[in-house]
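Both complexes shown next keep chain A, but they swap its partner, so chain B is in the first and chain C is in the second.
Showing the complex of A and B:
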């Protein structure tokens, strides 16, 4: 296809992507270099019959004027990146200098907002992915043995958790697990502890969120494994059968090796998707004990008084760095695939 | 031969059936429970005293005079303005699907037919764009949108969702067009068609299976989106998902839980029906990138 024709075909979609994906990333970066304008303060003298007092007040007019001149705020360089709410270099250095033990240092660092969120995000990623792969594989194997007439219906039932949006999925589970819901109340009765609830401890909340993550992601692993199972070659299976291999051995030594590349694909996609975990935290109202990087950005943008564009931008940039790190293996894989195709 | 290999012993069949039933319970029961509970009052669905009230509808009987009630549905659709949210979702979904398919088919067709190296880089960039968390993009949108005064309205959100959706649509349709034989449109070109004519008269009639799959994914993205719609629309223009979130927490609706429960049912039912019809396309789309490799 000549270049000219190619450009006309690709132009609309390229324009959409550049304007609304490329530019926002640049804009996010610029925002992260700026910080909100300071309010202009002025001293006002109040005199009444008992004497005069001076008060410091916000000069609304002057503040608005600066705001109108510089809507993005003042330039702050990389200041936002290293402040207390992000990488917090000063706080970490201070904690390191004053530490009495490594444990104490760790506690201080992991209580800083950014590191707290990073810890949850990574824990969520790495706790959800392995069970998803294992469970997805088992479900796929087991659906694969069913009679054909049943398969359609059961596949439909299996993929439901994946179809609903994470917010609705987590709400639906939350309403059951909540202390007043069916599962929550039953657990209270079972352990005979009326105060036992999801919100009682941060560990329980984390576990609930992880269980939700597994519930939501397993269908995807199932679908991919299920499709891959259809491509397993029959000849080696027959040969193994003739040689007396048991069903388990056939799965272990023929089916699983065949599915390795598929499993890595699922793992990478799963890690990347879960790195942006955000909606379940809102669905489970778990903001108190579990914050993720995406949730931090949402919170900055939802700030009641003033949207913290600088702070949100900085967190966005750091999140994108994390994604880039996870994305590299996917890119390398795609690169190789392309090379072999040509 | 195949017969003997695929014959299962009784134990395996039993264990397998139990496992499948167990798994289906986990994946389906929460939705059935929510559907059932949406016809009760809050004191039953979130019962402090005894969860069996949710089954018997004890408080529902006292409050409304019957064991099932449509109160939550009626109220959320009238007072809660859920109808308006549904309308908005429909506008957003239909527009996003049609615009992204239009842009996506043109772009993907060109990518699949061009032999130059830059197609590869375009696809890689699309892959990188696809991995961007939506919330980081939203943080980049808000400031310029406020300055341009286009925040809060549906058209902005539609364009944004179309753009966010493009990378995936491009990849999906690209791998689909690769399976359409080149000879088809090449012979048309030899006969004197332009590329646009070849696309219009040769490719369009055969591209529908791929387009349906891509459309399904665009639809799910637009229908399910929370991040973009919650932050880029004003309260008045909310689509269904942010509306449900608003029922839970904001002052305006006073944390009206049963509205949220009934709205969840109203929002998921159409989605499930669509997926029931297009299940095959959904699965083929999910596995497009995975199984070959």
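Showing the complex of A and C:
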């Protein structure tokens, strides 16, 4: 395709991407460099049913005046990025200087909100993605061998977990693992421990979230693998069959090499998806023990009475950097494959 | 011409009827759109608001337990998403900080002739809200269980813990205590209660600097820890509504929840044996203090700044009609403690009146209190799970608060 044609071809997409993805990112970045203007406080007398007291309140007029002069707020550079609720450079330096052991240093760092969230996010990413690829592949292989009349129904059933809204799916599971729910009660009987609760311990909550993640993501891998399976050339398969290759050998030496690029693609999408894990944390009420980077953004924008735009912007930027960092090896690999194929 | 004079006469006559006391009810122009928290008493109140607004009114109400998180964004828009908001002494502060609710003096003068003076929430000489009920968290207990084991009704948290341990040891219940410990706002609120009960102050006097990492804070956390050990192991996922369900299932013998919970706990639904056995008691003191470890709250109505005067007036009329309805209060005497004129308190008002008479602190209304509450909401969980010390948890609270308050321009 000549460059000129390509440019016209890509122009609408590129424009839409700049408008809906590029500009919001630039705007978030800009906001992350600013913090709110100083609040002017004044003493006032408040009277309510419990009596009158002297209290402080924000002087709205004075604060509005400052706001009008400086609508973006105060410029803070990368101050928000390195504060205690984000990269926490000062806290880490202090912990390093005063550490008595590496273990203690690790505890202090992982207790900082950003690193705590990062640890869960990465754990979730790397615990969910490989099983999703393997399971998706196995399910696709199995469905592919079914009789044609059954396939439609089974395919529909298999992709159900993906169709269910993540929040609803996780809420349903949340109630099922309750100590009075069907799964929770069964597990208590199975382990003969009436106090066993999947929601109470942080390890069990993490495992629950990971299992939920696998359940929710496998259909995606399945759909892609299943589509790719239809493109596997029949000739080499038949030749291998005649040569006496077992089913396992045919899958191992013909199907898997053929599906390799597809697996890379699935890994890319899954890592990206799982890095911004969010809904299950809300659905499972797991905020206490499992926070992710996306949850931190939500927390800044929703859980505070006043929205912390700077803080949310900074976390968003760090999330984008994280995803870029995570995907670099996969992208380099894809690029190399692309080059050699040419 | 004749028709015009007739029309004028009629309109004159009708205005003269209402001259002295503009009747608030029967709204015909303007639209009413209210944001409110979700619990039974508010539903009862909203039914009255709706009937006061009348059949011709354009009336909408959104009940959400997330009202605190929605309110600033929804009322900042111009025109605001909602014309009115039910506020408390906790949730009014963020709205006041940004000037999102309007002074009500004119409307009160016009439609508020039936209000008690103490219903008018005055800030710096202007009325910004009209309160209609008072609320507080206090102790609830199962009388037969305490009687069977010969336990006196606890009046301190030390006695609550001893009583719960006794019930557990007797094998009556596995997790006899319950409180709303859900990580987030609820958990923060439990600390607020317990810290104030120990006589703590959240900020260094005259500044926005935090002041929770001290002996009183540690003592408060240790009491909360002991209570959670006697609670359902899922306590970090249980909010007030979940605790009430535990109570109605008969799994709990002692709990510390809102007085307004009576509206659903003492209604005709659910196990009537448990209902008959449910008793209310004053909120306990803690650590030798003399004030109950709880906070006083009022709930009231506020009108958005960024809404048209017509909508503001319509909303105010409907809401104030309910907030001054003696019938509403006396038909539902046990739904809460109404502040409405002519209300005769029901059987359940005792603990709130007790808390007020013993000098309980109202929930702090500093402009930066919500940031402190937010920091408490997230940073105390690890201590309760036994992963860090109380001092470390409180140091984390202060550090998280300082980072947020700096960003918001308070420090």
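Note that the second predicted complex is superposed on the first by the 270 of 342 C-alpha atoms of A that agree within 3 Å, B and C clash if a C-alpha of one lies under 4 Å from a C-alpha of the other, contacts with A are read in each partner's own complex, and residues count from 1 in each chain.
Keep in mind that, in the parts below, a contact is a pair of C-beta atoms (placed from the backbone, for glycine too) under 8 Å apart; a residue touches a chain by one contact, two chains touch by 3 or more.
Source: prediction; values computed, not measured.
A.B. asks: Which of the two partners, first being chain B and second being chain C, lies in contact with A:310: first, second, both, or neither?
C.D. replies: In the superposition, A:310 contacts chain C only.
A.B. asks: Between chain B (first) and chain C (second), which does A:20 come into contact with in this model arrangement: first, second, both, or neither?
C.D. replies: In the superposition, A:20 touches chain B alone.
A.B. asks: I'd like to know which partner A:74 touches here: chain B for first, chain C for second, both or neither.
C.D. replies: Only chain C is touched by A:74; chain B is not.
A.B. asks: State whether A:152 touches chain B only (first), chain C only (second), both chains, or neither.
C.D. replies: A:152 contacts chain B only, not chain C.
A.B. asks: Under the stated touch criterion, which partner chain does A:261 make contact with: chain B (first), chain C (second), both, or neither?
C.D. replies: In the superposed model, A:261 contacts chain B only, not chain C.
A.B. asks: State whether chain B or chain C is in contact with more residues of chain A in the superposed arrangement.
C.D. replies: Larger number of chain A residues touched: B.
A.B. asks: Is A:178 touching anything from chain B or chain C once the two structures are fitted on A? First, second, both or neither.
C.D. replies: A:178: touches chain B and chain C.
A.B. asks: Return first, second, both or neither, reflecting whether A:35 touches chain B, chain C, both chains, or no partner chain.
C.D. replies: second
A.B. asks: Check the residue A:136 against both partner chains and state whether it touches chain B (first), chain C (second), both, or neither.
C.D. replies: Touch partners of A:136: none, neither chain B nor chain C.
A.B. asks: May I ask you to decide whether A:46 touches chain B, chain C, both, or neither, giving the answer as first, second, both or neither?
C.D. replies: In the superposed model, A:46 contacts chain C only, not chain B.
A.B. asks: For chain A, give the residues common to its interface with chain B and its interface with chain C.
C.D. replies: Correct list for chain A: 178, 302, 307.
A.B. asks: Where on chain B is chain A touching in the complex?
C.D. replies: Touching chain A from chain B are residues 1-2, 4-5, 8, 12-13, 16, 19-20, 23-24, 26-28, 30-31, 33-34, 37, 45-48, 50-51, 54, 102-104, 106-107, 109-111, 113-116, 120, 122-129, 131-144, 147, 159-160, 162-164, 166-167, 170, 195, 199, 220, 223-227, 231, 241, 244-245, 248, 260-261, 264, 267-268, 271-272, 275-276, 279, 282-283, 286-287, 289-291, 293.
A.B. asks: Show which residues of chain C lie in contact with chain A when the two form their complex.
C.D. replies: Interface residues on chain C, with respect to chain A: 66, 68-69, 71-73, 89, 91, 93-94, 96-99, 118-125, 131, 134, 174, 182-184, 208, 232-237, 296, 298, 339, 356, 362, 365-367, 370-371, 374, 377-378, 381-382, 385, 387-388, 392, 396, 399-400, 402-404, 406-410.
A.B. asks: Of all residues in chain A, which touch chain B in the complex?
C.D. replies: 1, 3, 5-6, 9-10, 12-14, 16-17, 19-28, 31, 71-72, 138-139, 142-143, 145-146, 152, 154-161, 163-168, 171-173, 175-176, 178, 180-182, 185-186, 215, 219-220, 223-224, 226-228, 231, 234, 237-238, 241, 247, 261-262, 265-266, 272, 275-276, 278-279, 282, 294, 297-298, 300-302, 307, 309, 312-313, 315-317, 319-320, 323, 326-327, 330-331, 333-335, 337-338
A.B. asks: Enumerate the contact residues on chain A facing chain C in the complex.
C.D. replies: Listed in rising order, the residues of chain A that touch chain C are 35-39, 41, 44-50, 55-58, 60, 64, 73-74, 76, 80, 83-85, 91, 111, 113, 178-179, 194-195, 197, 199-200, 202, 285, 287-289, 299, 302-308, 310-311.
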